[in-house]
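What follows is a pair of complexes built around subunit A, which joins subunit B in one and subunit C in the other.
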Partner chain A sequence: MSEKEIKNLEQIFEARIERDEKIEPKDWMPEKYRQTHIRQISQHAHSEIVGMLPEGNWITRAPSLRRKAALLAKVQDEAGHGLYLYSACETLGVSRDELYEQLHSGKAKYSSIFNYPTITWADIGAIGWLVDGAAIINQVPLCNTSFGPYARAMVRVCKEESFHQRQGFEIMLTLCRGTEEQKAMAQDALNRWWWPSLMMLGPTDAASVHTEQSLKWKLKRKTNDELRQQFIDQTVPQADILGITVPDPDLKWNEETGHYDFGEIDWDEFWQVVKGHGPCNKERMKARVDAWENGAWVRDAAMAYAEKQQSKKVAKAS
Partner chain B sequence: MEKTALFNYILGIADNNLILGQGLGELCGHGPNLETDIALTNIALDLFGQTRSYYQYAAKLSAIHKTEDDVAYLRKEREYKNVLLVEQPNTHFGYVIARQYLFDVFNYLFVEKLQHSKDETLSAIAKKAIKEVSYHKRFSGDWVKRLGDGTEESNQKMQEAIDGLWQYTNELFEMTEADEIALKAGIGVNLSELKEAYYKEVSEVLKEATLTIPENPYFQKGGKQGIHTEHMGYILADLQYMQRTYPNMTW
Partner chain C sequence: MKKNWPLWEVFVRSKNGLEHRHFGSLHAADAEMALENARDVYTRRNEGVSIWVVESKYITASNPADNGELFEPAKDKVYRHPTFYNLPDEVKHM
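Right, the complex of A and B next:
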């Protein structure tokens, strides 16, 4: 294809996005669009899968049968999200195995919030309330993103995430209405998860490398800072209902802007965790790699068995 | 049927589901691929759902245990009545599948009969459970075949798991005192009658899976009397941690 032809295709493509048309896997798309989507969708899928680990950590110890079943179902939902996000990604011409390889080698990233440990039951509440809360803010705009399979996957993901968020809040509420010890457990969880949750919405606009292009392709509808402000404005009143305190002495309602002002985020900590040096990066990666490697003989067996069955069928037919 | 005996009879059923579900719950997020991870979690969810129905009923019969969680969390190890099979560890995926299958075949035969119990609650729970248990057996049976008749390595691993767990199968058919009382009352199931069908079905699947049926005549038992293997204490340590550390609280 000549450069002129490509330019022409690009113009048609950009115009389609402009008109809010969905781009489907078989449509022509610029290589950069394809690569950006593989990067973002797989990163999202990896986050779901790695995100199963901190919460999975409490399945065997959940304090009641009802909570145990709900937590299992929640972690299973995340596996489901991973599954259809990987599938959406595969439509762009990359295999699930390749994507795993990128995760295991450290080439692909996942949400760095999952590198923090879950050390009390209240952390399960806090993750649902704050982490899923922040995830929803990130993801709701993606239901209208330009790439069809991603947008459709996000519609379902968002419905389930909003259920998880309410469930997490309800765990927190139960703790806060419980004994002093339970309330202290809830406060401690908020103290530890608040700042990492704010970081979850990404680096500040000034430091974000992908924002401009992503806005154009509707992979993003708002900037990181806008999303963060929305999360804070929405969450602080919820903490008030719970009767626990957001661990930010600078947090203050600003009558003029109609938003909360908030304190400085420790971006050094953010980058440290992103670069692989958070409290649980190595454990999370080891858990994923172990599951994959220890499962190799199982996957091989399933493949070999399927082939044997297939040749039996062929032999019978002939 | 007298309340204590019925209570004990229910625990004899439900503790198996609880402990097996607990073992599967441990695997969530660590499966060999996403599809099996999701499927095993589904089975765990079914088992916990059944456990809750049984324990809610048991709690109504007990003077000490007021809620399903009291029944699940506040007993001593010697008071748990599950068979030894279900408390065996997740050594590798072959063991997970073998444990599941060896239990599922029994559970299906059992729940099928329990549907006809004169006790309306137990019969209703069984009628709801039978569809789930039938799926569990199909899932684990299919995997026994895949692993048995897959690769050389998977065949060895599956055989190792079957050989390791076979000694726990016979206990499934032991009749406890509660079983005898329940049977006489028309509430319980005659476990000894399930034995022949069980070994016949298991043997056929193992054969199809190109696995050898173990010939070891020695079996282990004790779970039903509350005498468990050394794994049980650790399972309960996890299970009961919150309830023991923070007694009398609502979660």
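Right, the complex of A and C next:
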């Protein structure tokens, strides 16, 4: 294709997105659109899969059968969300194996929040309340994104996510209405998860390299700073209901703007964790790589069995 | 020699009386596993009463580049629609 023809196709493409038309996998798309979507959707899928690990840590130690059943269901949902997203990503012409390979080699990223440890039961409450809360804020606008398979996957994810946040808040509420020690445990979890949750909404607009292009493609409908403000505005009153304190001395309601002002985020910490130096990066990656490698014989055996069954069927028919 | 599990497309009937609708895709070694995986991945909340799976390679899809010749001829056939025909207002039940 000549450069002029590509330019022409690009203009038609941009106009379609402008009109809010969806782009489907077999439609022509600029190479950069394809690559950006592979990067973002796979990063999102990896986050769901790695995100199972910190919570999986507490399944066997959940304090009641009710909590255990809920946590199991939540972790299973995350596996499901990862799978919806991987298959959406594969429609762009990348294979599942390549995607895993990118995760395992460190080439692809996942949400840095999952590199923090879950050291008490209250962390499970805080993750549901804060981490899933931030995820919902990130994800709801994506239900309207321009790439059809991604938008459809997100509709399903968002429908299921609301239970995650409510179960987390209920855990926090129970602890906060419990003994002094239980309430202190909830406060401690908020102290540790608050700032990483704010970071989860991404670098500031000034530092974000992808925002402008992503807004144009409707891969993002709001900037990171807008999403973060929304998260803070809706979460602070929830902390008030719990009766615990958000660990930010600069946090205060601003009558004039109608939003909360908040303190400086430690972006050095964020970049350290993104670059692999968080408390659990190595542990998380090892768990994923081990699962993949130790499961190889099962995948091979299933394939060999399927082929054998198939050839039996063929032999019978002939 | 490594062989990857093939890709399957999943169709779910959400309740009797409705058609099966495309829900997404997944990997599985064979049809039976594809059905079981589809149950776990796509119907965790009573989304379905029946599942179809078909290996993706058996689906032939039209090419969006051919949309002009495939679909445009229908556009100028407005006489296929009831609103094409002008009738006086006093004609009822039509």
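Assume the second predicted complex is superposed on the first by the 318 of 318 C-alpha atoms of A that agree within 3 Å, B and C clash if a C-alpha of one lies under 4 Å from a C-alpha of the other, contacts with A are read in each partner's own complex, and residues count from 1 in each chain.
The definition used in the following text is that a residue touches a chain if its C-beta (ideal position, glycine included) is under 8 Å from a C-beta of that chain, and two chains touch if they have at least 3 such contacts.
No experiment lies behind these values; they were computed from the predicted model shown.
S.K.: For A:N294, is the partner it touches subunit B (first), subunit C (second), both, or none of the two (neither)?
M.R.: A:N294 sits against subunit B, while subunit C stays out of touch.
S.K.: A:M52 in the overlay: touching subunit B, subunit C, both, or neither? Say first, second, both or neither.
M.R.: A:M52 contacts subunit B only, not subunit C.
S.K.: By the touch definition at the top of the document, which applies to A:Q76: first (subunit B), second (subunit C), both, or neither?
M.R.: both
S.K.: Output check: A:Y84 vs subunit B and subunit C. Expected answer is one of first, second, both, neither. What do you get?
M.R.: Second partner only, subunit C.
S.K.: Which partner, subunit B or subunit C, touches the larger number of subunit A residues?
M.R.: Between subunit B and subunit C, B touches the greater number of residues in subunit A.
S.K.: Go through the superposed model and pick first if A:W121 touches only subunit B, second if only subunit C, both, or neither.
M.R.: In the superposed model, A:W121 contacts subunit B only, not subunit C.
S.K.: Does the superposition put A:A62 against subunit B (first), subunit C (second), both, or neither?
M.R.: Touch partner of A:A62: subunit B, not subunit C.
S.K.: For A:W253, select first, second, both or neither according to whether it touches subunit B, subunit C, the two together, or no partner.
M.R.: A:W253: touches no partner chain.
S.K.: I'd like to know which partner A:G178 touches here: subunit B for first, subunit C for second, both or neither.
M.R.: In the superposition, A:G178 contacts subunit B only.
S.K.: Scan A:A302 for contacts with subunit B and subunit C and give back first, second, both or neither.
M.R.: Both partners, subunit B and subunit C.
S.K.: Overlap the subunit B and subunit C contact sets on subunit A and report the shared residues.
M.R.: The overlap between the subunit B and subunit C interfaces on subunit A comprises residues 73, 76, 80, 83, 299-300, 302-303, 305.
S.K.: Under the touch definition given earlier, write down the residues of subunit A that touch subunit C in their complex.
M.R.: 24, 26-28, 73, 76-77, 80, 83-84, 87-88, 90, 95-97, 152-153, 160, 299-300, 302-303, 305-306, 309-310
S.K.: Report the residues of subunit A in contact with subunit B in the complex, numbered from low to high.
M.R.: 49, 52-53, 56, 59-69, 72-73, 75-76, 79-80, 82-83, 86, 121, 171, 174-175, 178-179, 181-182, 287, 290-292, 294-305, 308
S.K.: Can you list the subunit B residues touching subunit A in their complex?
M.R.: 22, 25-26, 28-38, 41-42, 44-45, 48-49, 51-52, 55, 68-69, 72-73, 92-93, 145-147, 149-151, 153-154, 157, 238-239, 241-243, 246, 249-251
S.K.: Touching residues of subunit C toward subunit A in the complex: what are they?
M.R.: Where subunit C meets subunit A, its residues are 2-5, 7, 24-27, 29-30, 33, 40-42, 44-45, 61, 63-65.
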